[in-house]
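Before I ask anything, let me first share the structure, which is written out below as structure tokens.
Chain naming follows the written order as A, B, C, D, E and F, and within any one chain the residues start at number 1.
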Amino acid sequence: MSRKSAKAKSSVQSRKADSGDDTDITALALAETKLTPAMEAYFDKCIEKLGFVPNVLKAYAFDMPKLEAFVAMYNDLMLGPSGLSKLEREMIAVAVSSQNRCYYCLVAHGAAVRGVSDDPVLGELMVMNYRAARLDPRQRAMLDFAVKLTSEPWAVEEDDRKALRDVGFSDRDIWDIAAVAGFFNMSNRIASATDMRPNSIYHGQNRA
Amino acid sequence: MSRKSAKAKSSVQSRKADSGDDTDITALALAETKLTPAMEAYFDKCIEKLGFVPNVLKAYAFDMPKLEAFVAMYNDLMLGPSGLSKLEREMIAVAVSSQNRCYYCLVAHGAAVRGVSDDPVLGELMVMNYRAARLDPRQRAMLDFAVKLTSEPWAVEEDDRKALRDVGFSDRDIWDIAAVAGFFNMSNRIASATDMRPNSIYHGQNRA
Amino acid sequence: MSRKSAKAKSSVQSRKADSGDDTDITALALAETKLTPAMEAYFDKCIEKLGFVPNVLKAYAFDMPKLEAFVAMYNDLMLGPSGLSKLEREMIAVAVSSQNRCYYCLVAHGAAVRGVSDDPVLGELMVMNYRAARLDPRQRAMLDFAVKLTSEPWAVEEDDRKALRDVGFSDRDIWDIAAVAGFFNMSNRIASATDMRPNSIYHGQNRA
Amino acid sequence: MSRKSAKAKSSVQSRKADSGDDTDITALALAETKLTPAMEAYFDKCIEKLGFVPNVLKAYAFDMPKLEAFVAMYNDLMLGPSGLSKLEREMIAVAVSSQNRCYYCLVAHGAAVRGVSDDPVLGELMVMNYRAARLDPRQRAMLDFAVKLTSEPWAVEEDDRKALRDVGFSDRDIWDIAAVAGFFNMSNRIASATDMRPNSIYHGQNRA
Amino acid sequence: MSRKSAKAKSSVQSRKADSGDDTDITALALAETKLTPAMEAYFDKCIEKLGFVPNVLKAYAFDMPKLEAFVAMYNDLMLGPSGLSKLEREMIAVAVSSQNRCYYCLVAHGAAVRGVSDDPVLGELMVMNYRAARLDPRQRAMLDFAVKLTSEPWAVEEDDRKALRDVGFSDRDIWDIAAVAGFFNMSNRIASATDMRPNSIYHGQNRA
Amino acid sequence: MSRKSAKAKSSVQSRKADSGDDTDITALALAETKLTPAMEAYFDKCIEKLGFVPNVLKAYAFDMPKLEAFVAMYNDLMLGPSGLSKLEREMIAVAVSSQNRCYYCLVAHGAAVRGVSDDPVLGELMVMNYRAARLDPRQRAMLDFAVKLTSEPWAVEEDDRKALRDVGFSDRDIWDIAAVAGFFNMSNRIASATDMRPNSIYHGQNRA
């Protein structure tokens, strides 16, 4: 499917919304530049796998070094080898984005939690209040750490790392929890600073 | 449709979720008492109109005076005559519940915003961050007032009321905005205090 | 005593104050409507028992369904059967109102704590900082729960309910603590939103 | 009147309270040392003028240099020459102490506001929420500055000083507002750190 | 060294800075008055020992009773007999000033921590985040108490005092911790309110 | 200079400190892996230009994809083409890190501000309270945006972007301000989560 038809598809989905999600991706007027071959291939892969190019990538597409650095870091963190499952990384993404009330990331990664877990309710719980979810102690400790790191990073200390080790996380896992939480603390702010709008197609995904 | 079959229907919807939304309505062991005729009729009407009895009503059903007072106040505020549309009242409900991160109210009234507005995205925006919604100045002022009243009620003063009057709200409208915001500041806390769980059927409503 | 003479009496008490407590009950121009017979009887009962009609009732008297719903809920919560004493319910009212810095409720319910307890200092402690009061563990746990529910409702969880059960509260008691705390989180906000002023007669009550 | 009879008098006033205000002045076991002649004379003057020695002075009386420094600073700030009236200085004291929820200072200086102003309601307003008081622009600006300086001193800047100058305060007045607000930010913390209890006689003062 | 030559020296040090630290000591136009003999002697002693008169003293020099009260309290607290070492008192000063983000006090007392401890890194840690310093349990408890007393004085209770006693602090030590923390909560606010600027010579002191 | 001799040099500088800054770079036991040729070259370039390898790079060196992604993003943001000067980017880094009280980033980037600006006082101001610095309106607006984006990203809206445009920033500049602020919101959290320690050599750099 071409990028153009992907856009058409998502427009239909958002017919009723005046959110402008698909028309004005950010509040900044930054012209898309020519994609490098690597990024051209990456965008094509997005369309092939997702049916569309996530708007965050289009937002970064005004500058290739920035887009490439973002993609490299994102893919390593969210899809690379880790003791955290892909679902756990998405859960961190959403719990952090909820703390920061980031519309873009809550929509895009809320859909991911719903999709990866095949549990639509879990996605809603991460968006609304992760404390209300009935999680096992490992995942609860993971999210408590990520959210404390988000809201008062200055107060994270050895006791907090110990709480992670006590439920079985390794030192490498602790790094990964911190790195995913850190990454979304960055992305949430770039999205909020630029009024970044998610592809409206996310809203209806994985609801049933 | 009987209450029993309504429950069956919602169970199917939440098959994948281990949220327990439909089995344990609150964390408190409070036996349902016999419904008064008025409340029996009201529950039947819920089933007729919604297909189910909202869990908050079941949660209150251990004591008829409490249930009746809650129903009377709720119906007057949310459905009675007002200069605010029903959608506007639901928008206040969700924006306040987002500030308080109340799972029950975000699920139930998020569905209501999606349904009343026929705009699924608007529901998500109210849940996630009302500031990201592209609202007209009247609705924006209304939600700014409701959310400030939620987060720092001690600082609401004449300037805040003036901001409402400046976009056309009457004194009666200001009362209604305050009363709806106040009501959900109450309900959010009762729900959080008791770990109240929404009917899982809400999650899938009005998504398309 | 008629409502008119009650007003005269309270005017004398507030002679020195330019607070306007008794002249402008709220900042909203909402004309009193005709009381229903039930509310007429209720106002008369207030004058008989208290010597005056609390201003909050006059503030709601522009609309009978709203007044009646408020009165029904208030009387059930504060005066109805409960495992909490009337003093304990008033203590919650004041501790919550202190957190929200609500002038109306602190004045009216501070007077109630002084009166019900026959301990003027206890009323001041609830207004100023309940943590400074030398309470038994049961009442301290009750107020800790109510104030946490006020300031960060999203973080109230099973451990908080356990702390109440550990000092002897039943599940029904927990509901009542939450419901009273919730009710004043509503009332505080309606009072602040409308600049509601207490009857000035409260200030001097139960001081000796 | 001797210190002994002053104590007897205040004991009667607090008969019903189990606040221990007059028996355990602080939570710290610090033996009173022998008063210097200057402090002996000062305590006698307190008894002569007030009928009692304020507990804060007894709390400092374990060490004469500390007591003398406190008394010197207090008397200069609160009673010395200033463009601020004594009432205005007491209003700052109470508004700051309300922000910090300091039981000792709210009781002692709330009584002072009631007494100096001959307006019991004004004292309650300063304790509960100074924003609800109907103040002239000068006094409102003064308290806004003092409370902002209390809650977020890092954000006080030239615009805040300008707001004081705009209502007529001189640079010397600005110093005095800051110094009184600063002093109570110190005293509030020493009182809270030591669980300092006010003389219970304050509670009933200047109520009529 | 005369005051004039001390000024010359510090001017050289701050050549590159446009901070105006040495030219405009505060944002208030308050003329220095004639020093009393005691204060004249004290300023001379500062020049003899430090090489300069700290700007805070010049800021107070518009009024001798204020200057003398400040000096008396400061010297008693920071230099008088105490179970706390002078370094510990300076550590409290800086940790409190960091919480309040007070430029003047962080510069002046950060230099003092560096100097008294002969450990430049310790000074930086107190300025930046005392929790990152590798302190013994006694000093950590001391700073935890001082910082909690700064950020939420209303919540300091017996458990907090017990934590100090548990690491060996006496009741007198607890007073001194509270008094030093309280004093800097005052000074931080006077400095912020007046935009007080430190002597620029502090910046380079004790860095090696 | 070899990495070994660089380490020896910095050890001397930190002789008096027991901060362990140079011995335990993080609280996590993550073994350094073999550097890729590109990273080997990059580390060598650090030693050549700085005299040492910044500890953050060593902390990431357990995993080459993570190190390479971090280096690519860092170098693009902080050293790549931008309408913001390198000093301005470092000022954002420090102001954000001050808000988050991140020891590592304050030390490393505080040194950078001192070095790039040749103004040691400016570095201290960014660490302590950027509001106290006497900045031109452009830089002040830039830091106000970055710090608001750090502390309450959900509240950044069009008015905030307008404030940047009003002092001359382009849309691309706004992206860069957001991206640098976002990046340090990530890095601050990874540093705090892992107790990352700066090279102690930074402390003494660019002080004179």
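General remarks:
Convention: a contact is a pair of C-beta atoms (placed from the backbone, for glycine too) under 8 Å apart; a residue touches a chain by one contact, two chains touch by 3 or more.
All of these numbers come straight from a predicted model, not from anything done at the bench.
Hopping across touching chains, the smallest step count from chain B to chain E is 2. Both chain D and chain E are touched by C, F.
Annotation of chain A and chain E: jointly contacted by C, F, touch as defined at the top.
Chain pairs A-F and E-F differ in how many C-beta pairs are in contact, and the one with more is A-F. Distance between Cα centroids is largest for the pairing of chain E with B.
Per-chain Cα centroids separate chain D from chain F by 45 Å.
Separation between the centroids of chain A and chain D, computed from CA atoms only, is 52 Å. Multi-chain contact residues of chain C (touching two or more other chains) are listed as 101-102, 129, 154, 157, 195.
Taken chain by chain, the contacts fit none of the simple shapes, being neither an open path, a ring, a star, nor a full set of pairwise contacts. Checking each pair of chains for touch leaves A-B, A-C, A-E, A-F, B-C, B-D, B-F, C-D, C-E, D-E, D-F, E-F. Interface residues of chain E facing chain D in the complex, by the touch rule stated above, are 27-30, 62, 65-66, 68-70, 72-73, 76, 80, 100-102, 145, 149-150, 153-154, 156-158, 160-161, 171-172, 174-175, 177-179, 181-183, 185-190, 192-195. Contacts from chain B toward chain D in the complex involve residues 154-155, 157. Per the touch definition, chain C reaches chain E in the complex via residues 129, 131. For chain E in complex with chain F, the touching residues are 14, 16-21, 98, 101-103, 106-107, 118-122, 124-125, 127-129, 132-134, 195, 200, 203-204, 207-208.
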